[in-house]
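Following are the structures in question.
Next come two complexes built around chain A: one with chain B, the other with chain C.
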Partner chain A sequence: MASHREDWAIAAPGLLLLLLAFLVPVGSILALGVRTEGGEFTPAYVIRFLTEPYYLGISWRTIKLSVVITLVCALVGFPFAYIMARVGPRLRLWLVILITLPLMTSVVVRTFGWMVLLGRGGLVPDIMRSLGLVRRNYTLMHTEVAIVVGMVQILFPFMVLSILGVILRMDPRLEEAARVMGCTFLQSVRRVVLPVATPGIVAGSLLVFTLSASYFITPSLLGGARLPVLAGSIYETATRTQDWPFAAAQSLILFTAVLLLLFPYIRLTRKAGG
Partner chain B sequence: MTMAAVELNCVTKSFGDVQVIKGVSLAIRKGEFVSLLGPSGCGKTTLLRMIAGLEKVTTGSIIIGGTNSTRLPPERRDIAMVFQSYALLPHLTVRENVMFPLRMRRLGRKDEQQRRVDEVLEMVQLGHLANRRPRELSGGQQQRVAVARAVVSRPQVLLLDEPLSNLDARLRESMQEELIQLHRQTGLTTVFVTHDQEEALSLSDRVVLLNEGRIEQEGAPTDLYSAPATPFSASFMGSSNLLDVQIEAAKGAPCATLAPGSALPLEPGCAAAGPATITFRQEDVQLLPADAEEGILATVETRLFLGSRIRYVITAGAHRFRCLASPGHSFAAGQAIRVRIPPGRIRVIGRTLA
Partner chain C sequence: MKPNVMLSALACSFLLAGMSSSAVAQRATLTVNSWGGAYEKLHKQLIFEPFEKANNVKINVVTVYSADTLAQLRAQKAAPQYDVVHFSGGQEVVAAREGLIAPINAEELPNAANLYPFAKEGMSRGEGPVHLVTAIGLLYNEKKVKNPPKSWKDLWKPEYGDHLVLTDLSNSYGLLGFLMMNKVWGGSIENTKPGLDKVRELLDRSTIISSSPEIQQNFAQNDAWVAAFSQDYAHVVRQGGQPVKFVMAEEGTPAVFFTANLVAGRPNQALAKKLIDFSLSPEVQAAFAREMRYSPTNRLAKLDPAVASEVVYGDAVNGLVRFDPAQVDANRTALVESWKKLIAR
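And now, the complex of A and B:
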């Protein structure tokens, strides 16, 4: 009991800061979405969002893209993190620098880079054309593929670093034990490393999913006006039409969706934590 | 010719430029319990890992059960290993851990596998914990799971790398007894790595003493204990004293001169005159009062009460040595005494190199 009270005492300053700097501003924005100008409760904005096919389409695209981005990050990130964990410490340091270096440049700059690479006459369509895959004047710009490519590049480090942490903490003897018990190399990765690294994969996926669901610069620039996502729509609503209550209602829906995702995650990690 | 279970032929191992195993040849009989003993860094773990296939052999060959396994990966060798850290799979229960080698090696049908797992878990008295996860077990229980998991597939060779070193002294003793029991029940060929000479002596049929990547001496525990062949063996087999002395063969019986006027008699004909190293065990040193008729003059430097025994550090001239005595008679630190060692208990182990 006493230790519980001590826990709270230690956490208090942090909680207070969180309350002032995060919960209050976010809370007041979200409240905007369910209040009339007079200050009474109204679900009108939320209902409007949930009944208009245009906005449902945006939501569906947001979820679909976030899932694909998360899957691509996890599928590429796990082997990448495993290799990073198994090379020597020097090479690992270089690899960490290599994948985090992009984080140090502006997202806008990197996105412009992708626009050049993916656009008409850019490097990627050129290569595809010389391989005979596409016709002239082919462009990857303003496609969902472009959004996925751009977002994966931005969010990849989050996935890799959270998986890397778990694999580095794992006893390397576990894999050797698996080999001695009859596993081939691939079986030992599949039956030992993968299950042990699951908490890291789940944490990384959560990060990547929530970040990609709430990113708007890259999807807007690479996807264009024809492929809006929820975060972009919130931005448009707030800045262009200046419909603040409706923008707040959309934020509320995004926020709730992400929260709903958190609960199974907490369950999962609690189970993995024994 | 009977086939050895494991045969090492001139095995060497280099990490980069550093050669850590410098030519080891060893044949282990079927059902034999062999200990690899040696100080830290002498290459015990490396040698064991080469038998397991976890470390590449630089030169030489390893033959397991008649199959040249030098280049085989671990999963294609018929072995099992207990790691010092146990290496239990944390996401599996005790039962699933023990089942794992049977499943991966596809040994027997599902119900046979179940039966075998139950059998082995009973053998190590863990039946009631079968559904726990490793982190919910004590160190001793984890150790037993690791052993159960290793013996369940009845491998050609069971390899153990200091499996008891993480346990406290009492638990270690009872686990040693259980290991002997288990070896008797299963008859598995066993290679046991340890740096604890008592453990090696009490468990094994044969002790292989390693020193800097080479076999220093091998033999039955009693041989190694009572007849160390080199100064290294003598000092490593513990509780032995090593003294550099001058052998003098005056008047028939030779004696080892520690200082002018103070000489220990030796058995006739055991060594020629000249400088040499002698060795004798701590428990063979007899302490007598200073006014005794025989023995050489010496002084008690320190006295250590160990419970069942008392350990003295004795100085005689420029020499120091240890003595393990029963608590019957007692001498104080600083006291002058006389020391006698039965001539048959002193071994001359070659010329001093210095």
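And now, the complex of A and C:
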């Protein structure tokens, strides 16, 4: 009993911070989305969102892009994390530094870097042009491809580091045993490493998905005004048209969607013993 | 020994800080807003710093855009924190109506006598005077464009190909440019369908930008030829080395009017009025025109011929089109939403 009280005492500052700096403000913002000015409950803002093809289109783009970004991160991140786990500690340290170094730079700066690379006359369109793939004046700016490229670069470390942690904890003898028992390398990866790494992949995917669904700087800079995503729409509604209740309703919908994702995640990781 | 030295150094610095802040407290303080970036730098250099020196006053500059300033004034109604507020989006009309800013009698500002009529017209309604103007017209690349655009309708000429730049309506320059296009195609502030329908024709051959600095990037890197934008940014782009010219379109030139307003219910109103008057002086306005190509509203402001050729200057400012801010404000949300739906892919 006494130790229980101590636990609470130790956790109290963190809980208090969470309550004051997160739950209360976020809760009141979300409440704004379902209340009239008089304070009564109203679903009007949420209904407005769900009945307008424009906002449904934005939501669809947000989900579609987040899924693509998550898939790309997972497909590239898993082999990368596996190799990081299997190289020597010195090289691994360098790879970790390499992966986390971009995190030390502001997202805005990195996004501007992509604007230079992807814009008209930038490095990427230039190479594509010299390969004869595109015409002169081709630009990748203001396309969904640009958003995916920029977001993958930002979120890749989250995926790699989540998977790396799991693979590092795995007993290498499991893999050796699989090879001794006649598995090829790819078979051992598929039947031994992949199942063990699943919790890491799922955790990484969840991180990447929720972050990309709620990012607005990079999509709005690389995608431009004609490719709005949900987080960008919330920002615009709150700051430009100053329609706070409707912005809150959009936040509520984004929040609910992300929350719905959490449940299958918990079930999946439990099954995988994570 | 070492910690002791550190401690006494720390104590000393606290003492010094305390002394200097009490010295400041003896001087009068004015709190004002400005809009950040190059504009705020110039605002400080040309108005606030000289005024501080001349009047032994401390000016506390807060970087807040016009719309947010209005929101703050409303929230602070019981205990206002600003002395002078600057607006660029017509917010003074609303602020005056709600009693957030105090009327100024034109006789109280010596420089007001020399303002063009439109610049002091709002004062009778309790708004602050207009101290600077930037006109919205057409920017074009002199090297690439053979036939310079003359009218708003020229934007629809096929010869400019896909080298057009349009501006999102979340940007106030974009909003005014659109309202003007809408007007020349037969629309009004309440009926924006004609403009929206015509802009739809341009969507496939234009780049849409949302923030002002992007205009420069589009002329520098994206092979932009023609854009509807403002005279001050035409100057910024030209300073950046692009051969860009600004033209006033023949159907009319909408403009952004920068006003300086006296906040109601503040103690230092005499000093605040002096600051507003200072921003109306011919020298200050001429300096703003020289540095960033804003049009003066004081008819005594003298500009060099080179500067004068690049701004709307002299009696021409009287002909600028002003969309009624209250009416724009009432229709803004609906318009911005229809616009977003129009441009979304």
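Convention: the second predicted complex is superposed on the first by the 258 of 274 C-alpha atoms of A that agree within 3 Å, B and C clash if a C-alpha of one lies under 4 Å from a C-alpha of the other, contacts with A are read in each partner's own complex, and residues count from 1 in each chain.
Here, contacts are C-beta pairs under 8 Å (C-beta built on N, C-alpha and C of every residue); 3 or more make two chains touch, one makes a residue touch a chain.
Because the structure is a prediction, the values reported are computed rather than measured.
J.: With chain A superposed, do chain B and chain C clash or fit?
T.: fit
J.: Of the two partner chains, chain B (first) and chain C (second), which one does A:Gly182 touch, if any: first, second, both, or neither?
T.: After superposition on chain A, A:Gly182 lies in contact with chain B alone.
J.: Angle at chain A, chain B to chain C, CA centres, as a multiple of 10°?
T.: 150
J.: Does the superposition put A:Tyr54 against chain B (first), chain C (second), both, or neither?
T.: second
J.: For A:Val152, select first, second, both or neither according to whether it touches chain B, chain C, the two together, or no partner.
T.: After superposing on A, A:Val152 lies clear of both chain B and chain C.
J.: Based on the superposed arrangement, let me know which partner A:Thr241 touches: chain B (first), chain C (second), both, or neither?
T.: A:Thr241 contacts chain C only, not chain B.
J.: In the superposed arrangement, does A:Leu230 touch chain B (first), chain C (second), both or neither?
T.: So A:Leu230 meets neither chain B nor chain C here.
J.: Just checking: does A:Leu65 make contact with chain B only, chain C only, both, or neither of them? Give me first, second, both or neither.
T.: Touch status of A:Leu65: no partner.
J.: Taking the superposition as given, does A:Arg120 touch the first partner, chain B, the second, chain C, both, or neither?
T.: In the superposition, A:Arg120 touches chain C alone.
J.: Who does A:Arg173 touch here: chain B (first), chain C (second), both, or neither?
T.: In the superposition, A:Arg173 touches chain B alone.
J.: Quick check on the superposed pair: does A:Ala85 touch chain B, chain C, both, or neither? Answer first, second, both or neither.
T.: In the superposition, A:Ala85 touches no partner, neither chain B nor chain C.
J.: Shortest C-alpha to C-alpha distance from chain B to chain C once the two structures are superposed, in angstrom?
T.: Least C-alpha distance after superposition: 46 Å.
J.: Provide the residue numbers of chain B that touch chain A in the complex, in ascending order.
T.: My answer: residues 52-54, 73-75, 79-81, 83, 85, 87, 89-91, 100-101, 104-105, 133, 135-136, 149, 153.
J.: In the complex formed with chain A, which residues of chain C make contact?
T.: Contacts found on chain C: 67, 71, 168, 170, 203, 207-210, 221-223, 332-333, 336-337, 340-341, 343-345.
J.: Quick one: which bits of chain A touch chain B in the complex? Just the residue numbers, please.
T.: 171, 173-174, 176-185, 187, 191-192, 195-196, 198, 272, 274
J.: Where on chain A is chain C touching in the complex?
T.: The contact residues of chain A facing chain C are 54, 57-58, 119-122, 137, 139, 141-142, 220, 224-228, 236, 240-243.
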